[in-house]
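Each chain gets a letter, A, B, C and D, in the order it is written, and its residues are counted from 1.
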Amino acid sequence: MRKIYSLVALFLGLQCIVLAKTDTVQVHSDAMDKDVPNLIITPSGYSSSTTYPSVYLLHGAGGDYTTWARIADLQQYADRYGLIIVCPDAGVTSWYFDSPIDPKMQYESYVASELVAWVDDHYATKPDRAYRAITGLSMGGHGGLYLGFRHQDVWGAVGSTSGGVDIRPFPLNWDIAKRLGSYAENKEVWEENSVINMLHLLDGKTLDIIFDCGRHDFFYDANVRLHEKMEERNIPHDFISRPGVHNAEYWQNAIAYQLLFFNSKFEARKK
Amino acid sequence: MRKIYSLVALFLGLQCIVLAKTDTVQVHSDAMDKDVPNLIITPSGYSSSTTYPSVYLLHGAGGDYTTWARIADLQQYADRYGLIIVCPDAGVTSWYFDSPIDPKMQYESYVASELVAWVDDHYATKPDRAYRAITGLSMGGHGGLYLGFRHQDVWGAVGSTSGGVDIRPFPLNWDIAKRLGSYAENKEVWEENSVINMLHLLDGKTLDIIFDCGRHDFFYDANVRLHEKMEERNIPHDFISRPGVHNAEYWQNAIAYQLLFFNSKFEARKK
Amino acid sequence: MRKIYSLVALFLGLQCIVLAKTDTVQVHSDAMDKDVPNLIITPSGYSSSTTYPSVYLLHGAGGDYTTWARIADLQQYADRYGLIIVCPDAGVTSWYFDSPIDPKMQYESYVASELVAWVDDHYATKPDRAYRAITGLSMGGHGGLYLGFRHQDVWGAVGSTSGGVDIRPFPLNWDIAKRLGSYAENKEVWEENSVINMLHLLDGKTLDIIFDCGRHDFFYDANVRLHEKMEERNIPHDFISRPGVHNAEYWQNAIAYQLLFFNSKFEARKK
Amino acid sequence: MRKIYSLVALFLGLQCIVLAKTDTVQVHSDAMDKDVPNLIITPSGYSSSTTYPSVYLLHGAGGDYTTWARIADLQQYADRYGLIIVCPDAGVTSWYFDSPIDPKMQYESYVASELVAWVDDHYATKPDRAYRAITGLSMGGHGGLYLGFRHQDVWGAVGSTSGGVDIRPFPLNWDIAKRLGSYAENKEVWEENSVINMLHLLDGKTLDIIFDCGRHDFFYDANVRLHEKMEERNIPHDFISRPGVHNAEYWQNAIAYQLLFFNSKFEARKK
């Protein structure tokens, strides 16, 4: 689809300036030996003669690369803040892990390495952690922090909304056991892959962190525990507790604050 | 000052459309028998042929009606969201109380009754609680919730940033005792005028609430206690814990999220 | 008895210098129209040509003015720190209240006014709150804080060990209801006379406070709550949690730390 | 230096009785293959014909073996309680670890084995855990509990004032990462070497424990957590919360209570 739009742009003599648009792109993953679909939103007036910060939005379990575009008006945010927004597909329930037991589920490598390289290669991004952010909803909230904490060279700002930041209370849900093996038999793997147990990775490096959860979300308690543990460990972060449950209405609202957060960090770095 | 601007507008043939502007207006308080200065920011393209939501921003102890305009680019927010922003003066340390012991400190009456009436009379506001919000910083954070909880017929959305939501730990600070009498001798007065003790006023009415505090602010613990008490009482609210101390840098950042919040509530009501 | 000792001292030509001694003195209470016994320990080498700080030690329910002398070697402390130690009698279970229902139980007036005046009149004290301290055990721990909070002009340093700092959980114990009336029928009286509800009296005045409790004492939880409430209210204080139960072994140990505390405050004031 | 004093003593015919004194001694560490300076204070009237309890005082990060002598009047305490006080040097920021990555930082071995043996060999100590105590300030507070928990055969009483009892919130501070490697890459090492994670070592053995922290110290929260965890685990201990921050004024006051504590334990064992 991107090629078609580009042709149109050329045809209209706009050269480097194209209309606001949403591209659906297939990116090949060597790690999984398959193509993965992604949505990429560029700001109106997008021009390859300048560069833009990029924000990666991760979907939840059961969703796909189109989920975020159906929840929120991404184009409006891309325009307001001058952002490139990237929505990868995560194989329904990959949990953004490089699964130790399923070679077709290597979504950490895909998102953090293959996709970022591809996007930087094909779009006018600022190819720098200072201008890259990642966040997501539910499984994708886990993904935003999980990938963000483990790849601080890639993303300088990370977030989660309604995130599954502690997977241990959910040993039978959402195919997590298919990715990591059962909790009963793989305790250490589950411990090490729960975001709440990964704070040692944040050993003083500058990482901007925001996460939120709805008061009546089943992930709320885990998010409060993550917040409290970060306070104990002196890890700077924005935490928002607000009314709401685990649904699209909540995320539509939440993403507005997270994008405001990311934009304010990008703006601060320009100074 | 407003009249002069209007004359200019007329002279230019713009009639009801005036340029973006900041008015300094003196409003007479019958309650205190004195004039009080205020800053009023209208959005660019302000026209009395339409109506706008209004947001009241309260300054902290030691500040005045110009404080908020020096902290944040209020015009930008007025423009982005189409708001009228009102910054009253609060007599340095009035604490927005109707002081039982000082007839010249009747700032609850002034802000909640006299000023709101004057603003609605002189500006093209939507004169409805659904489209009025109030918030403030420090003493003004107390003020935002104190006035908001006690005048739910006036404001439908209320906030506080770094607010003094519990005055009891500070019996000798910021002239509170000059307004209420000493804590030792006026225990009940202090108890009844601490925001944290006023949750019974929120008896199920629809009031949108947001408050935040910096992790290393001396008011942080009290704000956490307020958040926890609201959770106990099933009172819906947004609470944000973020890095920071009690300073202008913090408030410049915080107000962006609060105005996003107020705007999203105003927008929701239009539907 | 004091007169006899003085005569002995004169007879021996020691004039103002007497041997270390423990006086048992009867002091008349106008408030109760009766004599009350007290123990007074002066330091070795006591001389009326100098002045000494004084410390009041209050006994618990069931005790009397001799209790503290049987628990701890008071003479050793009087000597080490150069203190006059005063151990009043408190009518077994007066709770150091001016009872609203029993005219023979006016021990607040007795200790805080009548006894202090008598002691300053008859002994070489420093008659100044800066050099007066009060503490006690159990009911007397309540008394140390109760009298100390209410008479900050009298005592500048106050303490409690294993104190009954919240009387509400014990409506049927130790004759409290005989002093205040039943809790069920006199809720406000009980509320106002529980130490934990009297923090408003500490409105920023300089009062040195120390209290401790044994981990397995039935008063432990109330003392932890008092500590936490003081932290909330920004009230400086030393709080010690240590092993132990409600017994003499605990108090023998605890009083050593409290007298070290009082002495260090007295010493600091000399500078 | 000790020999010179002894010669003076002999010359004066005092034989085994020497004046109160402070020795600076160099003790060779085989573990580090270097000499380490230490201060040793003996009580006035010290005589090798009797034996004394010994207390080890550990300095904080940035300090050295002279730090404690500049904070407090150690001679006065040595005299009052009849103690030998030992102040080792800890290489500025050794954290009293046997560093797995720096062979010149083996201060656990030095203090717990080499120095204790040397002191017992050269001074008239009671060479028994029952009469040996260890405590320290800040990094040395960590050291007092760290060494004390791991060497219960050496010390029978341990303490900490303003101690860094949880090192995990401070991954970039005070060279800890130079001793243990980075937290991000050596999570287990940091976990195992945080005092708060070492309570399993206290499996019912008789160890007297005291620790304190200032209310506004940056280590306060961690000390409160340690206290609460010890309460959960039924580990007897004295914990003192008092006003104050991380400074010498605080430690000058705190050490008085800790030495009172150690002395009372030594006295109790004589019975």
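We adopt the following convention: contacts are C-beta pairs under 8 Å (C-beta built on N, C-alpha and C of every residue); 3 or more make two chains touch, one makes a residue touch a chain.
Note that this is a predicted model, so its numbers are computed, not measured.
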- Message: Same or different interface residues for subunit A and subunit B, judged by whether over half of the residue numbers are used by both?
- Response: same
- Message: Counting only Cα atoms for the centres, state how far subunit B is from subunit D in Å.
- Response: 54
- So how far apart, in whole Å, are subunit A and subunit B when each is placed at the average of its C-alpha atoms? 36
- Message: Averaging over Cα atoms per chain, report the distance between subunit A and subunit D in Å.
- Response: 49
- Answer with line, ring, star, complete or other to describe the graph linking chains that touch. ring
- Contact pairs between chains, per stated definition: A-B, A-D, B-C, C-D
- Residues of subunit D that touch subunit A when the two form their complex: 166, 168-172, 177, 182-184, 187, 190, 221-222, 225
- Residues of subunit C touching subunit D in their complex? 215, 227, 231, 236-243, 253, 256-257, 260, 264
- Interface with subunit D, subunit A side, in the complex: residues 200-204, 232-234
